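Both of the next two complexes hold subunit A, though its partner changes from subunit B to subunit C.
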Partner chain A sequence: MIRTELVKTLRRPRTWVTILLLNALPTLVAVLLALTDLGPRPGSGPAFLSAVLADGTLFPLAALAIILPLFLPVAVAVVAGDSVAGEAQQGTLRYLLVRPVSRTRLLVAKLVAVIAFVLLAVVVVAAVAYVVGSVLLGDQALAASVSGTVLTPAQVAVRTLLAIGYITLSMLGVAAIALLLSTMTDSPLAAALGALAFLIASSLLLTLDAAQTLQPYLPTRYWLAFVDLFRDPIFWRDIVRGIGLQAVYVVVFLGAAWANFTTKDITS
Partner chain B sequence: MEHAVEVEAVGRTFPISGGKQLQALEDVSFVVGLGEVVGLLGVNGAGKTTLTKILATLLLPSSGAARVMGYDVVADTRGVRTSMSVILGGDRGLYNRISGRENLAFFGMLAGVSRRDLRERIPLMLDQVNLADAADRRVETYSKGMRQRLHVAIGLLSRPQVLLLDEPTVGLDPLEADRLRETIHQLRREGTSILLTSHLLLDVERLADRVVMLDQGRVTADLPLRKFAGLAGYAAVVTLTYRGALDLARSLPAGAAVDRHTHEGELSTLVLKLREWSGDLFGALGRLVDDVQIQDIDVRPARLEEAFATLSARRP
Partner chain C sequence: MKGWQRWLVVALGVLLLGSIPPVLAALPATESDVTASELLASVRSSDEVAFTGYAETVGGLVLPVTQDFTDLVDLFGERSRLRAWWAGPDDWRVDELTATGETGVFHRSGASVLWNYEDSSATLAADPVVRLPRAADLLPSALGQRLLSEAGAEEVSRLPAERIAGRDALGLRLVPSDERTTIDRVDVWVDPSTGVPLKVEVYGADATVAAVRSRFLEFTPGAPDPEATWFVTPPGVDLSFTEVIDVAEAANQFAPAVTPDELAGLARRSGLVSIGSLGQYGRGVTLLTAAAVWDDLSRPLRDQLEGTPGAVIDENGVYVSAGPIGLLLTPGSRERSSWLIAGTVDAATLAAAAAEVRQIPVPDR
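Let's look at the complex of A and B:
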């Protein structure tokens, strides 16, 4: 079941088109940077954009920072929102559920496929950005950390992997919300938009002082904490909080999705 | 276990607007014997699909209990799903971007059919439903009938002991519908127990051993096919085209009633309804028409339509 869901995801043209689109903006940014050599002023614009001018091998991080606030969560919400509702809309859900495969297993398979998609997207974006960054922006032996000290290539590589892991994890909260909505409606679009509305509300509240008491619990609160992996030494506080918060979202929303899906009438 | 399907006092309500409940099924009880084909007949909205879905473990009953091959549809879903296949009618529910063969392989695998059996059975199934030539085309290029036949192939691939069919011929052209009926007929010969739902009498008439009639969520009749047809009030209809003069007032045999008698130039047409299917009655009919020149005779058993009309008319 899990294997076939993975194969289904990988065989879908949509998966690859989405990943291609996710690569478009960072690549454009790299081209512009290479042509103009003018980065944003330090402190403004996505993290790393200023640093990558000095070293293209940091560009994967810049690319992830570019897609993280909007494009990646949109892609995740679309894929996760489609996972159950898409089957309902096609009419295949009922034919899956009359087979001797438990609903729990089906939901797990769907979740694994979504996680695989996120991981694939993040890794491909990072890899493409590495190539693009090295070619267009050049690579120096020594990269500067956000704190200004020097990181060895090995350090950069390890921290990039950690960042990929953290970003993937950050997306699981979105995925869990979209998956819950996906079990509640027969419209994949409604599920994706519902999850996005949730994230947009979260981002807005983060900028609102009156919402300060809520802020530590908002799902997007610690997303950009992966930048802290590139401080020297690594600043773990927000990263750990981010992981904890995502875990709570995943448990609560997946739990609700499971409770809803396993007892649901299949009327479509 | 002597029954393939047992339905005991099943009720099902749906919440509708205004906090009210719609009673889609009420105290429904009947059985399908092993190897038996039961036609579940009823107008649209009678509750046929709801019942089929309860038996297929897609909906829970609000009250009562049901078993498929002895497995409870609530407590033992795995057993039910292993022994039963359901074909829910319509042409949705297939993966459009992959081929018919791949759909078969995917759903077959979900049903727990081993790789070896899949390799062996898929070509056979494709042949049986006449899709061998189109097997490697994407399903999105299939006609409605082809999709429906693919559903049948998918349903049969796991060799289910019980088959639930919900309006299998709906939306098919007459030729496609007939092909589908032929496939079902073959299964019946192989001993599969079948619950066939339809609002089309023709399906039931051709395929069922017994008829359960559902009306507004309740069972209003549960009879062998022959008896059900008898509810029409007559067993056969005779249509006679002849030249000459008939004295009906004097020689019409008891047990026959004139339905229609028309004249067109030299030719007359007489439609008679016979209360029973008996040699005596046919003999008497023969004597009746001795004096005239027969152009054409057509004798047909009463149709379910007619029984259906009688039953529906009796509704309070």
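Let's look at the complex of A and C:
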């Protein structure tokens, strides 16, 4: 079942079009930086963007920081929101369930397919950005960590891989929320928009001092903690909390999706 | 399993997960029969204690000052995240973390390297005699030690213990006896094994919300890795040198005035006798600073202060308060310097200080 869903995801043109679009903005930014040699002012702009003018090999991180707040979660919400509701809308869900596979396994397979899509998208964005950054912005033998210490290329590579893994995990909460909504409606658009509304609310509450007690539990709270992988020594506190929080969102929302989907009358 | 049973399982799971944080927070801290005086003494002798830690500070002060002091506004008006490696008073590093970067101070042997990732800059500066507060000053350890350093035994009492950074911290309350201060109380929670303050809250008069709150979320006693406090200039970055570390030091070097030994009944603080245009006065948390400033610094500041809601303008100048901190700027002109007087003292004390410093002869520019 998982293999079937993975193959289905990879064969869909939409998957590759989405990944192509995710690459478009970071590539445009790299071209503009190379042409103008103008970085963002300190304290403004995405993380690492001010550093890539000196070392283009850091551009994968800047590219991920560019797509992380909006474009990546939109893509995840669309894909996850479509996973069950899309089948229902096309009238294929009841045929899917005719097979001797439990609904729980189908749900897990759908989530795994979404995670695979996120990992693929993040890896492709990072790889394209590495090539674009190295070619357009150049590189240097040693890079500075956020804390001002020296990082070797091997250290940068390992930490970039960890960042890719962390960003992929950070999307689990969005995927689980969209998947729950996808089991509650036959409209993929409604499911995707519902998940995005949740994220917008989370981002808004993060800016309010009055919402401080809620902030540790908001799904977007620790997204930017991948920057902590490039401090020296690595600051694990928020990374560990971010992973734990995403795990809680998966347990709660996937659990609710399971409770809803396994008892639902499927008519389409 | 029926439908309602599945939903019950999910609801119980949510309840279980949701109850973990409040249950952990409600775990009681172990009390101790240490007296307030003994705890005060242990704090005072803790400045040599080595540790590593992570702290968050929250400032609730909206300081009505200008672009020369934006760091100060951020420091006392916003949330700061600090990592600290503390080998001793002369060997430490404190990083202020931001979402997209970091600024760090590597301090060793009377000099500091100031690192700014987003500026890609490293600056070596000798410790100035006088400077503005910086992030490292708001670490609970530094802030608590400083605020309690001159407290009298009759000014402190015990508070219930709390769990701070996973440790049982003993509470201590300072209520200053000097009626001129605007600080109502300072609450400090102290690690009993080291004497290091782990949490500090500073309250102004009649305030229910702390003007400044600082607490460790991670704290590990013991010497940090020696390499952690040592700055090596990274490739592509030039290490620059500066003699003037901030505006306070610049004002000290360039304004032509001599401050008195006593101001508004407050004695000059020891160790700063040789400083001319800038004087610090008072004891404990009753503090006053007076500085002669030129028009290019005072003019934008005066505009800002006069436009602040609640500003009082009279013959002494313009007075504004931000929580427990009061600021008074005396009249001046392009040729004539003004006096900036600030501190944790009431308006009457600031006005008395203003009346005194205005009698000090200062040559025109």
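Operating definition for what follows: the second predicted complex is superposed on the first by the 268 of 268 C-alpha atoms of A that agree within 3 Å, B and C clash if a C-alpha of one lies under 4 Å from a C-alpha of the other, contacts with A are read in each partner's own complex, and residues count from 1 in each chain.
The rule we apply is simple: a residue touches a chain if its C-beta (ideal position, glycine included) is under 8 Å from a C-beta of that chain, and two chains touch if they have at least 3 such contacts.
All figures in this text were calculated on a predicted structure; none of them were measured in a lab.
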Overlay on subunit A: subunit C relative to subunit B, clash or fit: fit
Touched partner set for A:259, first subunit B, second subunit C, both or neither: second
Partner chain in contact with A:222 - subunit B first, subunit C second, else both or neither: neither
Partner chain(s) touched by A:97 [first = subunit B, second = subunit C, both, neither]: first
Comparison of subunit B and subunit C by subunit A residues contacted: C
Partner chain(s) touched by A:4 [first = subunit B, second = subunit C, both, neither]: first
Smallest distance from any CA atom of subunit C to any CA atom of subunit B, in Å, after fitting: 10
For the subunit B and subunit A complex, residues of the former touching the latter: 53, 56-60, 78, 81-82, 84-86, 88, 90, 92-96, 106-107, 109-112, 154
Footprint of subunit C on subunit A - complex, ascending: 42-43, 45-48, 50-51, 54-55, 65, 140-150, 216, 224, 227-228, 231, 233, 235, 237, 248, 251-252, 255-256, 258-259, 262-263
Touching residues (chain side subunit A, partner subunit B) in the complex: 1, 4, 90-92, 94-102, 265-267
Subunit A-facing residues of subunit C, complex: 2-3, 6-7, 9-10, 13-14, 17, 21, 54, 83, 95, 97-102, 104, 115-120, 122, 217-218, 228, 231-232, 234-237
